[in-house]
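Scrolling down, you'll hit the structures one after another.
Heads up, the next two complexes both have subunit A, just with different partners, subunit B and then subunit C.
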Partner chain A sequence: MKKIKVLWIEDGAFVEVSKLTGPLYTSGKYNLVIALNASDGIKAIKKNEFDVVIVDIRIPPGSDPAWKGVVARSRTDKIQTRLGLNLLYSLLKPDLVKEKITLTGIPEWVSMHPERFGVLTVEDERDIVEDLEKLGLPEESFTRKKSKMPVTALLDLIERIVQLKEKSTSAGG
Partner chain B sequence: MDAQLTEAWGVAYFQIIITLLVFAFSIPFIVYQISLPKEILHIINKYMKRSVWLVLSIIIMLFIFALCFIWILHPVRGRIATWQHWAAGLLITSALIFTLLFWVRMLLGSIKKVIRKLEVKIKKDIYENGISLSQKEEILDDLISLGKNSDPGHEKRLVLDALNRLAIHIQRNNDYSGCELEDYLRSFEKIILNDIKPGNDDNFCRSVEILKGIKDRFSEINPKINTDFTLAQTITINLSAEAVKSKTNITAKKILQNVYDNNEAVFEMGLAALEAKKYSIALSALNELEALEEKNRSNEQIHHLLGLLAHFRLVYPAGKRRAEWFLSKNVSDFKPSFGECVQEAIEFFYKTALYDTVEKLTIMQEELYYYTDPDPSF
Partner chain C sequence: MDKKYLLRSFAKNFNLNKLPIGAYIVTKEGEFIECNTEARKILKLPSSGEIKANIKDFYSDPSERDKILKKIEDNENDGFSPGKIVINFNVKNSEKRVQTHCRFIRDPDSNEIIGVFGCLVDVTWEMIFSELFEFLPVGVYLLDENDKIIRVNDAFVKILGYKSKSELEGENVSTIYENPDYAPVFRNRLINKKAVINDKVELKKKSGEPIFVSVNSYKIPGKGQSYKGRRGTIVDVTAEENYRRLLSSIPVGTYMVDNENKIIDCNESFAKMFDYDDIKSVRGEFVLDLYDDPYKDYDNFMKELKKKHDEGANPLVGYNLKFKSKKGRTFVAEVNTRLLVDKEGKSYGRAGAVRDISGEVALRDLRDDIGKTLHTYSSNLIMLQHSLVPLVEVIGPDPFDKKTFLEIEDAISALDDPAKHLEKSLARILEISTTSTEMFNALSVDNWDVLHIQRDLLTNYEEQIPYPEFIISALTDSAKKIIAVCKSFEKGLPREMEKDLKRKAKELGRICSLITYHQALDAIQEMEFEVRALREYVIFRQRASEKLEICRIESLVSISIHNLSGLAKYRNVEIKQSHKTSGIKVKVEERSLIRALSHLFFNAIKYSLRRGDEEQRWIIIRSYIEDTDINNRWVCVEVENYGVPITKEEIDKELIFQFGYRGDYSGNRRKVGTGIGLMDTREVARKLGGDVVVSSHPADDGAKEDDYDQPFLTKAVLKLPVKPNHGVQNEKN
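Up next, the complex of A and B:
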């Protein structure tokens, strides 16, 4: 049984939302890779092909000066800059991104399979619905982080995206 | 009539100046001597001598200047202070404050300066004499000793970063054959795992990152020998297992993300986590080992996977349930057969003297006899 490869770009993955990983590991179906910031997320995407990529909107830039520059130019912090959205735009719709970062070496599977991407964030869906539409991400690929969300929230989101991916594969085939 | 400059007056002024300068020197110096361990002081004093003399010379010159200036002044009764009095007073006070601040600043930054000095010396020696250790063993020993005796956190990090830069410098040298980093690599354990001043969480993470970088560079450089690679693997295993035992769960999980390609490190982390009852870390480690696309019985990763599964089976019914769930879904993927893979794993751990794992694998082999049958009927 081949494991489903998941990338989770989330700076709180080992801290405030670490409990969400338990069900994934217990299920045994997923190979989870965690990136704590935008730079590490992009590095992971360049290195491996993922079946599912979950992105948090509020992530730190990491060590890459290009991402650090975006935060510096916005003159705010990671919360206001919403770097996760910028990352998604840079990967899926680079023409629409406001703060353009030219990403090189991004593998083909990213542009060919946008249905693999999802968002797990504290933002209300209403606040980012426009961005989700522009990115071509359906409602099912979004989950809001709440203080009393079920511990299976991440697992449920991944399973919905996997189903979307399978639908898209069978529709294309 | 103006009062005359007398010997008594001069002596009194001189004594005051000397007393103030002695305080300006000695207080930070005493604090410095008390606050640093003697092993570090010895190394700092060894490499900072020239700087100390330079500073002393400047101070003495300033002192003489101040003294000469004072000699111009005369004690006057009843007269309002002239600009010379104010200037002299300002100069003396400034010289004293400058001495105090300069000395404190120099002493506070001395560890960083010495580390930098040692790094530069080693690089200079590499340039002049090549990358073999013989000429620079003493300097490297001093750097390691600094790291070993420094406080966990920022100070140890300075040494680790210096070792990282040196490792990169050596690996990028054309003469690097794959075995010149032995002493540099062994220093990580001395700095991080010593009983008196072990590294903190950040030091553990940073060490594992550096070791990973050293191993990753092997694929770029492709040297003839891979001794350094093997040693870096071994030290990574030791640090990772210790991180599970003595550091926070967050640190252990961060390290696990970094060592995913080192199946022995993942296995050891899983074992250490089970022993420490840190089941979420153990489960993360198991997941890393499970993420295989082809299961080949000669692959060491299979042995480690089966070994960890065997341990899981004997950790409460929950662990057994999780392990057997995986086996039920994947048993047919083990080639040529699950039974033969288990037997190979038993032989492997027997040869490496991990008898506890041998015992648990043997129990798994006996209890899951229906899985080991070459033609499972389920």
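Up next, the complex of A and C:
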């Protein structure tokens, strides 16, 4: 059976939340790619088509000067800037993004399949519910990072997104 | 005909005494023929009778008369009136300025000049005032009823930066106002009052530059006290006004108090600080009413102030007092004040500046609280560390050395055998299940699927999981799943096989747990250092400067290394050293410099990587003297490591020195810092006149400078200047 390709854009993937990946591998269903920052996330999206993309909200810019510029203009540090949200807007709703970054070479599957995107973040849902609505991301595509979250949290989120994707495909969407 | 006779006839016919001004007739040579009463008064001549005098004798400069006569003659020849002339006269040893208007008297027959007819007006005072007007250093002006500038003096022209009076006379005065709309406002004030005294007005120079002047202006009344214009003076007070505004705007209250403790004056900041509406309402207030506890504080304060004064008229600086504002709000302020004394040395009050430091006091208290909290964190980390030890003892024998950091590669290779054994055990069961229906029925189809997936994973997990950090969690989960499936085994599976599978799965899980334990220990070690460094930074950096002490640079380096030797050993990092600063001493705050060096060494240890097949990581600490030019000599402590890159941008833009900054590439090497170290180190260095310089280049020669997916050689150098009496000295000096 072909494995589901997952991109996880998360700067703490190898440190704080590495435990979440175990269930993905032991399920035998997923191929996981990690990007530690916004620049690398965009690079990965341009290079491959993913079935699921999970984005952390607070991520560093990486090496791309365009993302660094967003941080510099916001006058906060790179973790406070919520670049993950900016990345999602830039990909899914570029007209709504405040700090515009013109992304070129973004493959069609991104705009055609917004249902593939999900958010795993420390933010409270109340703090970003408006953004999720504007991005067209349903409640099921969001999970909050907490200290006592189960080790299957990432797997559960991915599986919900896959189900949404299947629903959307079968509905002819 | 006799000339004098002709002149006397002229005088008689003319009736000089009818003229309201002084008038006289003299011969061409200057002999008086006739003088009217007014002229006699001016020249102090006898009030009647013949005048035996010559007008030349009244000239302060006799040659001037000839010049005047020549001028009259020339004017007459040109058909012009000779005009009024002001002449300096000496009248009975008293200088007078007289204005005269002269005409020749000619013989009617020959047209020969036989005499001079002159008018005289004593303009001595007018001239004095006119000169005063011109030469006063104060700008003087005269405006008409429509605000047109009639006359100004040289000082007025100069104050406003013009070159001549003609540029101003005739212009409307609003053209020199910074805000022209204010000109009619000022005018209207004078229409209602007689004068405006010492008013500050903002004007504008010819260049457009604003200027503040103090204006005195007096109404020129017309009929029935109507407004006919004004006259007055301006003085440039720009410097004073700027200073006053500066004093008002600075967030420091300035004040003056007399010996009865009454406030004589203050600035706006003072009034605001004490919740007064304005400066006016502060004047005359009793300053002790502003003390929170005058009985406790005032006497001590005055004692200290007098002591400082007696030491040499010194001010009392940095004295903290608790005050209470007019609205009852209490706050702590830093007072800097000095006694005011007269020429005889008698005190007539005091003056000073007061600064609200409540925020700083609160910050200091907060800092102390944070320090205590961090101290608690330190203790908690140690407790956590100790709590993990019995846990590990329960897990079973630990193949890993507790004294050193567990490298990820070593952790993964320790999983090889248990993973292989588990896989073999699993493979046997799966094989039999395909040939024995009884075996197959021992588990559900889903559970067999799970076991197949785990076997697949265990066979080539290093291929399937490209990220080493995830292998441990994957194998942990795999072992858990296998154990869970084992619980579901129904009859049909040989007992020994089941037991073997469980045992192997538990062993894999045990090794994974031990790896997690070591990773936790490592994280605790690092956190402990970071928390201690943060506590040092928060508490000691902000304290009043420590005493400067003379220390050997070698000794400071040695203490810093010793502080980190445990961590270095744990992390299997060899500290290589090379020192060429024997005998060099520095005058520094010892604790701060040790902290600064420790940050550099800690970063080097933390971000170092294993090089190729080498067992140990390493850092090199060097100290040496560097001469950058003939005038600049530095003592340098340098640390170099092989490890995580720092990008060119991070160095060029000094991002790495920003508070809380985490390096671009520090995260993907699984190491995250607090972002304080380099910032603190540089602050300490700069306080001593030195600096920190960082460089980072690919370790492999020929590798691309901007390829950050490779190890870099990074150097951080703390430099201190070698200057006489500055701090760095050679022991031999």
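Operating definition for what follows: the second predicted complex is superposed on the first by the 172 of 173 C-alpha atoms of A that agree within 3 Å, B and C clash if a C-alpha of one lies under 4 Å from a C-alpha of the other, contacts with A are read in each partner's own complex, and residues count from 1 in each chain.
We take it that contacts are C-beta pairs under 8 Å (C-beta built on N, C-alpha and C of every residue); 3 or more make two chains touch, one makes a residue touch a chain.
Worth saying up front: this structure is predicted, and the values here are computed from it rather than measured.
Superimposing the complexes on subunit A yields a three-chain arrangement in which subunit B and subunit C clash.
By the touch criterion stated above, A:P23 is placed in contact with subunit C alone, subunit B being left untouched.
Of the two partner chains placed around the shared chain by superposition, subunit B is the only one that A:M1 touches, whereas subunit C remains out of contact. Counting the residues of subunit A that each partner touches, subunit B and subunit C differ, and the larger count belongs to C. Contact with neither subunit B nor subunit C is seen for A:W109 once the two complexes are overlaid on the shared chain.
Of the two partner chains placed by superposition, only subunit C is touched by A:P60; subunit B is not.
In the superposition on chain A, contact is made by A:F14 with both subunit B and subunit C. Looking at the shared chain after the overlay, A:V151 reaches subunit C, while subunit B stays out of its contact range.
Common to the subunit B-facing and subunit C-facing surfaces of subunit A are residues 14-15, 18, 21-22, 25-26, 28, 32, 34. Within the complex formed with subunit A, the subunit B residues making contact are 249-250, 253-254, 257, 260, 280, 283-284, 286-288, 290-291, 293, 322, 325-326, 329-330, 333. Every residue of subunit C that touches subunit A in the complex is listed here, in rising order: 453-454, 456-457, 461, 464-465, 467, 469-470, 472-478, 481, 647, 649, 660-662, 664, 667-668, 670, 672, 708.
Residue ranges on subunit A touching subunit C, taken from their complex, read 11-15, 18-23, 25-28, 32, 34, 36, 60, 62-63, 68, 77-79, 151.
The touching residues of subunit A, when paired with subunit B in their complex, are 1-3, 5, 14-15, 18, 21-22, 24-26, 28, 30-34.
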